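Structures for review follow.
Each of the next two complexes has chain A plus one more chain, namely chain B in the first and chain C in the second.
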Partner chain A sequence: MTLAASSLTPGFSDAVHQSQAVFRCALTALSRPGQWATVPHLPPAPAPLSAAAAAMILTLADMDTPLWLDPVLSTPEVTGWVRFHTGAPLVSLPEQAAFAVIADCAALTALDRFSLGTAEAPDLAATLIVQLPPQDATSPARTLTGPGIDGSLSLTVSGLPDAFWADREAFAPLFPQGVDVLLTTPEAVCGLPRTTHATLTAAG
Partner chain B sequence: MTDTGYNYAYLDEQTKRMIRRAILKAVAIPGYQVPFAGREMPLPYGWGTGGIQVTAAIIGQDDTLKVIDQGADDTTNAVSIRRFFARTAAVKTTEKTVEATVIQTRHRIPETALTENQIMVYQVPIPEPLRWMEPRETETRKMHALQEYGVMHVKLYEDIARFGHIATTYDYPVMVNDRYLMAPSPIPKFDNPKLNNSPALQLFGAGREKRIYAVPPYTPVKSLDFTDHPFEVQRWDDCCALCGATDSFLDEVITDDKGGRMYVCSDSDYCGDRRAAGHVGPQGVDADAYQRATAAE
Partner chain C sequence: MSATATPLSADQQARQRWIGLLAETPLPVLEAAVTALPQPPRYTFLRTPETGSALVRARSGGTGSRFNLGEMTLTRCAVRLDSGLTGFSWVAGRDRRHAELAAVFDALMQDPALSDSLDRTLITPAEQRRDAARHSTAAKAAATRVDFFTLVRGENE
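This part shows the complex of A and B:
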């Protein structure tokens, strides 16, 4: 199926400086896990790809980074947009991906589908860019600890299945292997690197 | 004045993306050395090619850059790197630690406490702390994977056996987040405690060896030691001859050929700030008197 040129939305209007600013936002997010950072430049992304996730893709992906889009995102508009703006090879298997973009959060289970890297080269692990559904405050808070966090902090995120959190904790003994996650709302990003431990905050 | 003919911050966009991805993985695995495709830079290896590539990948128009070489802002390496980024990245530069958002450093950490809004970029000659004991990269990789760091303790023990104390004074090995053994770059061990639980993000770039590693903010960094030989930093009997500081790292300066010497702060900004605030060392001149003297000339 070919993509009509007229339906292709633009990327960054100033690729050099906007990708620098978005990278610093991603760097802040991963070095200070659990704290939301506002994405400074939001490109007009084709639905269902969110603007914040699109900004991360434009900033980090290129022909060297196999990219996996989950089934919800594998529309001709999104794949065409990613191919045109980044040239990233789109892969069909999650384990081949350097970056995986997920819109269907409920299906974000079995994180071992993705590359965890190896003990000798843990940097080959995948980075997951997750588009969260609209947030409500009904989900339980989690207490985060680990590098980048001064003591501990509380994070409330709704829309992620329990299996997601359970898998992350199951990977902890495998460290340095693991996956790094960038959670996104339409305009902000929050990092959950593999070093961050999340436990359900005890009631009371 | 910004030079034209180069991309912003000298490196091309694809190179910056590659370095940025390496930096993100380095932050996610504190202390692990991420290989990256280091580029040829317009200066020789050993002059900060790794640090410059990291700085070029992170710096933006809103940043204020400070560059220090052994603590000083006014040495050749610091001046030329600062000028390089002023010309290629149109970035504001400063000599004040408190004004800087990005601080590229060769072999010192500023005396002034760092903040959450700052990023330290270290220039690293040899990123692999185990390299002197094990020359093969395939083996050191395996040793890091298995957390097999006994040889480093043996090296420190040999110091104790030979000299009675741990004689390593710079590039003193540290454990990051209780997992990875890391070379903190050739900073004096005096600076090692500043690595621990720092509010600032710390990035390390090795250009010749093509490695990037990181210590995220608020990450435990422990200098290796033994219970009966605990880690200690250098101490001086003298204070800074110019500003009288007793809490900073002092350089010994030979002043004549008759054994004359003075000790001065290695951190030129810290020393200048103290003198401006009225602190005067034994060989120092009162800041007002100095201004009157230079104005009279």
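This part shows the complex of A and C:
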């Protein structure tokens, strides 16, 4: 065992019902892109993993879903916690991951590192669970359109590099391939599925 | 099991012994041992007791090639005492309370202040009970043993 058991924190206190409620929350987030959904159950996560991202991992990951943690999250506490509670295989290469968890948003460029799925099996694409830094309301808004959005929606998110948004747009012609993103604050989640188009809102 | 397995340290062997014995100790004995503690243990669950199945593998003749013997139901649990010690348990069957108490005693056995008295009152008696049961089974089986002799036949003179 690579982790001292004394530093292990618990997962969900009622694994079945709490993970069902969080799964419902993830579904809501992905079917209503750009709208924040409060995560109903927040497990005590080992730093630097945030509680909402931890809830998503407990709910979505299992021994059949390779998980990639970015270098910031690859601490013995986080890897030990993920292994103990989910049994998910931790992979060292992003392209092998079904779920990727990212805490260092500034480094979230080159999305083509992750699996985009194939035209025959777009479900093999990766889902990125992104831990946003503390939000700053002055950052530029983006206009979202696409399935699940009535007309258009404005979303203000700070901390994500321009290359992240550019790569998402670059993947649009590849549909049904692409990556799905779950943005998380410490207690809420917002979906950006591959079908959602985001453009910088024109100033004024 | 695997070719790369390293030999267990003395501490690990000792813990392996009591984890195994706690899993085989009947629940009423564990409940009695909890009430006999100087103070009730305070703990939180790292993993609430959960039941699942595990594949039991065996080797033919003990040394032959591996095969799947079958699946068995087991319940596992992990707790952390307020003192910071953690205990784990894997118990055959679906008794959640048994898994919980076995994990609690695994944690308590790591406490130097308690391990000697618990070993005396709980672990060693459990070991004696288990060994006695094994001997009794072995003795019953030995009583039914049949030895075959081949009588010398005439043509080998």
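Keep in mind that, in the parts below, the second predicted complex is superposed on the first by the 203 of 204 C-alpha atoms of A that agree within 3 Å, B and C clash if a C-alpha of one lies under 4 Å from a C-alpha of the other, contacts with A are read in each partner's own complex, and residues count from 1 in each chain.
As a convention for this text, contacts are C-beta pairs under 8 Å (C-beta built on N, C-alpha and C of every residue); 3 or more make two chains touch, one makes a residue touch a chain.
Note that this is a predicted model, so its numbers are computed, not measured.
Applying the stated clash criterion after superposition on chain A shows that chain B and chain C can sit side by side.
In the superposed model, A:L174 makes contact with neither chain B nor chain C. When the shared chain is aligned, chain C comes close enough to touch A:H85, but chain B does not.
When the shared chain is aligned, no partner comes close enough to touch A:A141: not chain B, not chain C. Shared-chain residue A:S13: touches chain C; no touch with chain B. Which of chain B and chain C touches more residues of chain A: that partner is B.
Once the two complexes are laid on top of each other via chain A, the angle at chain A between chain B and chain C, using C-alpha centres, comes to 90°, given in steps of 10. Between chain B and chain C, the shortest distance over C-alpha atoms in the superposed arrangement works out to 10 Å. According to the touch criterion, the shared surface of chain A, contacted by chain B in one complex and chain C in the other, consists of residues 15. Across the complex, chain B meets chain A through its residues 7-8, 13-14, 16-18, 20-30, 32, 34-35, 57-62, 116, 141-142, 144-146, 177, 179-180, 199, 201, 214-219.
Those residues of chain C lying in contact with chain A across their complex are 44-48, 50, 78, 80, 84-86, 88. Residues of chain A that touch chain C in their complex: 5-6, 8-11, 13-15, 84-85. For chain A in complex with chain B, the touching residues are 15-17, 19-21, 23-24, 26-27, 30-32, 59-60, 62, 64-65, 98, 118-123, 125, 127, 147-151, 175-176, 180, 193-195.
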